[in-house]
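The following blocks contain the structures, represented as structure tokens.
Okay, so chain A shows up in both of these, paired with chain B first and chain C after.
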Partner chain A sequence: MAVDQTIDRCRELIAEPLGVIAERWKESHPGGRVAACFPVWSPAELIHAGGMLPLGLLGGGATVELTHADARFQSFVCSISKSTLELGFQGLLKGVDGLVFSNICDVARNLSSIYKRNFPHFHVDYLHLPQNSTSAGVADYTAEELRRVARGFESAFGVKITEDSIGKSVELYNAIRARLRALYAFRIAEPQKLSTVELYLILRALTQADPEESLIRLDELLAELPGREGRPKDRIRVVIEGAFCEQPPLGLLEVLEEAGCYVVEDDLLLGWRWFTSDVPVNADPFRALGQSYVDRAVPSSTRHEGREHRSKGLIEKVRRSRADAVIFTPPKFCEPALFDYVPMKQGLEREAIPHLLVEFEEKMWTFERTRNEVETFVESMLFD
Partner chain B sequence: MADWREGCVVGVDIGSTTTKAVAFSKEGYLKGPLMPTGAVPEKAGRAAVEGLATVAGIPFEAIQFTVATGYGRLLASASGFADKVISEISCHATGAFYLNPRTRLIVDIGGQDSKGIGLTAAGVVENFVMNDKCAAGTGRFLEEMAELLGYELDEIGEVSLRSESPCEISSTCTVFAETEVHALTTARKRPEDILAGLHKAVAKRVAAMVKALGVREEAVFTGGVSKNRGVVKWLEERLGMAFTPLPDDPQYAGALGAAVLGFRLRQ
Partner chain C sequence: MPAEVKERQYQGKVHQLSRELMNAWTSQLARANETGEPTGAIMISGNCVEILRAFDIHPIFPEVTALQNAIRHQSLPLILKAEQAGYSSDNCAYVKADIGLFLSGGMGPGTKMPYPTITLCNYVGCNVYVKWFEHLAEATGSQLFMLDIPFLRTPEPTAADIRYVVKQFEELIRILERISGKKFDIDKLREILGYAARAEEGYARSKELCKRSPAPFDCYFDAINMMGPINVLRGTREAADFFDEAVKEFEGMVAEGAGPLSEERFRMVVEGPPPYPYYRSFRNLFTRWGAVAVASTYSTVGGIWEFGFRHDPTRPLESIAEQMLTENLTNRSIVTRYGQIRRYVEEWRADALVIHSIKSCRLFSAGQGDMREYFTKELGVPTLLVESDLEDPRYYAEAQLRNRIDAFFEALEHKKLVAA
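Now for the complex of A and B:
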């Protein structure tokens, strides 16, 4: 399949309600179960190892009108939490059997309970990820927590999650993540041939598709992309940081590029490409995943990294991608992103790396103010 | 006339309320007539450039390079008469710096938004801040309030300066402020006191935003609202400094900046 066709297919796929995707998969997998994961980190291997389809539970975007969730959440709660709850009330998750949430912030923590209370037909689990990643017992703790989540699926759906099946799933997802790393490296090298909107569509489609088929498509893309046409433009290279949970509208990503940026690194859908290298496949895959959650982790605002300054990972990302600047893109009301904004901003200023703050929310549809700000930011660097 | 035709670059600032055009060449610059933007921004942009061409004595077709800025800039480019678009912040900064090279801070309040722009000693944008998506702290807010009180927009600044006891307006939200104005008129408060309160509320909001950039001298005030002496007075009071008057119409700073940047790009 040609690159443009694949990207068009990705665009169509992510526009479909999650329940429709789940029902379609079940038609070809009779008796199969589907479990969706709220950002950030998604234990897709566990779900896949049980013969289930792992999907991303990524909110309702701009198309789902909030008619129930606003009555249950305060006005200062982020959009993705509200619209994710709305998906349940509007029956848009029909076909999805299980939901996994984790403790990335207080709102996500409570969303899990709200789902349990309002929708008892779902199997809802809450993954207690370790807050202290420097403790000696953290890998064992995470492994045990993953075992508990696996037992929960077994008990709820009658599936079997064995060490052998997890090993195979780890191998599959290692292969997918390796391809994603290659795509990211390609964009760093030739951003004119793969826009961030396109890369995001590919990435997001992976969270809505059968992983075996995704791997085939990724290989095709990687083979075809180098031959794609793309003339370099006079743009600045930027890293975007902050949209790791709530999904930015495509229009926002388009405006960043139209306003004169090549986005060469980002933290979009970070949880689906969490491990920076392959998770070892050994006798205890639960522990391998637990250990990797800690020591193969991408820097993230949802994971405490001990005494390491939060800006360190960001500055490394800037250097590695040869970026000129950082555009912070936190969603409105996102506490993890906004808390980290200050130390990251301070770190960038010490290194004289220019930065800009652009807040967004998933229902945003007009981007003229953002365009104005980003154009000015770009011009201030190009005209300097 | 021949000098203007040779290498002259036009900047057109298509704002939400008014459209302005300036021609710039090595000989200096020339302003065109101020035009209302209306419902079709690109049409207003073209009309402003045609008006400028008439003033300058240049056939419209002889203009070789036009830079558009302001909220209608993309439409001007799409309709084919602008060769390049540049953001209004860069253009206001360049225009103000051209008029006064000691400028380090610009406060710009237009019809739909308000901005603070910090400049380096070389006149490059160092940092900037804009109001959020509501009309609070903009010319539109004052326009709504003028209409509510039965005044013309261009007279409310002078009227507000007659106040000896400004009313307290707690909100700059246009809707909530309207409610407060109704309550004040019902309480028989004098129009100049209500207007003074409204102007103070705008100044308070814009000053808070500008202070986030760091107040620095020399500061200039651009945009349509800079002609309102009431806002100028209370903004200066809030910022604790006086604006340096620009040697030419501050409403044209954006168009001038667009022309200057276009001229540099062509060199």
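Now for the complex of A and C:
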């Protein structure tokens, strides 16, 4: 399939309600179960190892009108939490059987139990991911926590999650993540051939598709992208940081590029490409996965990094991608992103790396103000 | 509106004792700043202050500093200072007030508030704690220990949860030995836990007395007098003695049929932290209706003692782990909190639930609309939800709050009259 066709297919796929995707998959997998994971990292391998389809639970974007969730969550709560709850009220998750949340923030935590109360037909699990990455007890704990989640799926759905099946799923997701790393490396090298909107569509589509099928498409893309036409433009190279949970509107990503940026690194859908290298496949895959969560993890605002300064990972990203600047894109009301903005910005200033702050909401639909801000920022750098 | 209800200002002794104890604690901190004695910053929720105490490390509670600044109407300049440094108007204002204090030169050498020697983040549900203590440790240059307490996501903590927490305690203890220059003495910790259990018993007994009508104190607005001793000073003989005195006083009041107001017309349960910048004004909005809080969730952030849990000196570390994992409000889900409130409504015979929803603390507030749905529609409990903030005075709209509170109690009064 040609690159443009694949990307068009991704665009169509992500416009579909999650429930429709789940139901369609079940038609070809009779008796199959589907579990969706709220950002950031979730155990897709465990779900897949039980013969289930793992999906991303990523909110309703601008397409879902809030009619119930607004009464449950206050005005100062982020949009993704409200629209995710709304998906349940409007029956848009029909066909999805299980939901996984984790301890990324206080709102996600409350959302998890509110989902369970309002929609008892879902199997809802809450994963406590470790925040003490240096304790000698962390690997054992994380392995046990993943075992607990697996047992939960087994008892809710009658599936079997064996060490052997997890090993195979880890291999599959290792392969997918390796392709994603290659795509990111390709964009760093030739950003004119793969826009950020396109890369985002590819990423997002794989959170809503059969992983075996995704792997085939990723291989095709990697084979065809180098031959794609694309003339370099006079743009600055930027890293975008902060949109690791709530999904930015496509219009926002488009505006960033139209205003004169090549986005060469980002933290979009970070949880689906969490590991910096392959998760080892060994005798205890629970432990391998858990240990990898701690020591093969990309820097994230939702995980305590030990005594590493918050800006360290970001500065490394800037250097690695040869970026000129950082555009912070925290969603409105997102405490992890908004808190990290301060030490990250301070770290960038110490390194004389320019930066700009652009808040967004998933339901945002006018971008002219953002365009003006980014254009001014870009001009200030191009003509400096 | 019926005849005016007055506050009796009964709380003299408990209030006074609490004040003396808390002043003594802040004086200790000021002295530690001068003498260089070790200090440890720690959070209120489900804390393990007993472990610090076992090494004679003075505990600092940045939340207490923040709320004290709010009560004294000093929080806004600190918040603005932090916002100038880049913190968002949507970030927790407790954190901003604390960082603002640092940026204003209000802590560290030459001030009354020392920099912590260790910043011990008891991550007990609240994710903001992680950020707060990362920033505080970075600013003050103190050592950070991230004590990761798995959230209560199963009816009981798993064996792996307990092993992980105890392992971290052992690692923490090694660090505290180095910082304090003292060997860990398990018998000293047992003694501290004995005092803790005595204070917990007194606090629980005081709350139990609020089942009586009239309740001898307001378990939201007056509970703050006990929250200092139970959360900050727990594990000291002084805190244990304080609660003995408090119980004596409250039992005396029950015997006399005395309460905090001249008349107890409504018994309410209050959910959520108070608006510290307008503590008195907010209280008055309820006092004029004769509404007394007979139970509150905020008074259980540090620990839930009224349902029977006590620290156990015979199992010191395990018992501290259990308290942090299960026996405090913040490490439990919001829906589990519904159960806690339901018990209050039923066992403390409340007429209504008042939810004070604050912007700063999403752990408390995110989803309180669902809580209102549950209590009004499923249980038929009259429920009022009002919004402001615990630290940032900009979110307190007195006229709007008054309108809503008046309308709620008018309706409640009408309901009572009709029922009679």
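Note that the second predicted complex is superposed on the first by the 384 of 384 C-alpha atoms of A that agree within 3 Å, B and C clash if a C-alpha of one lies under 4 Å from a C-alpha of the other, contacts with A are read in each partner's own complex, and residues count from 1 in each chain.
Going forward, contacts are C-beta pairs under 8 Å (C-beta built on N, C-alpha and C of every residue); 3 or more make two chains touch, one makes a residue touch a chain.
Small disclaimer: the values here were computed from a predicted structure and weren't measured.
In the superposition on chain A, A:R181 makes contact with neither chain B nor chain C.
Looking at the shared chain after the overlay, A:S113 reaches chain C, while chain B stays out of its contact range. When chain B and chain C are set side by side, the one touching more residues of chain A is C. Touch criterion not met for A:K312: it reaches neither chain B nor chain C. In the overlay built on the shared chain, the residue A:D140 is in contact with chain C alone; chain B does not reach it.
By the touch criterion defined above, A:F383 reaches chain B but does not reach chain C. Once chain A of one complex is fitted onto chain A of the other, the partner contacts of A:R228 are absent, as it touches neither chain B nor chain C. By the touch criterion defined above, A:K363 lies against neither chain B nor chain C after alignment on the C-alpha atoms of chain A.
Those residues of chain A lying in contact with chain B across their complex are 366, 368-369, 372-373, 375-376, 379-380, 383-384. Within the complex formed with chain A, the residues of chain C that make contact are 85-88, 90-92, 95, 123, 125-128, 130-131, 134-135, 138, 144, 146-148, 150-151, 153-154, 158-161, 163-164, 167-168, 171, 333-336, 338, 357, 359, 361-363, 365-370, 373-374, 387. Taken in their complex, chain B has these residues touching chain A: 71, 85-90, 113, 124-126, 128, 130, 133, 261.
The residues of chain A lying in touch with chain C in their complex are 70-74, 76-77, 81, 103-107, 109-114, 116-118, 125-128, 130-132, 135-138, 140-141, 144-145, 148, 302, 304, 306-307, 309-310, 330, 332-333, 335-336, 338-343, 345-346.
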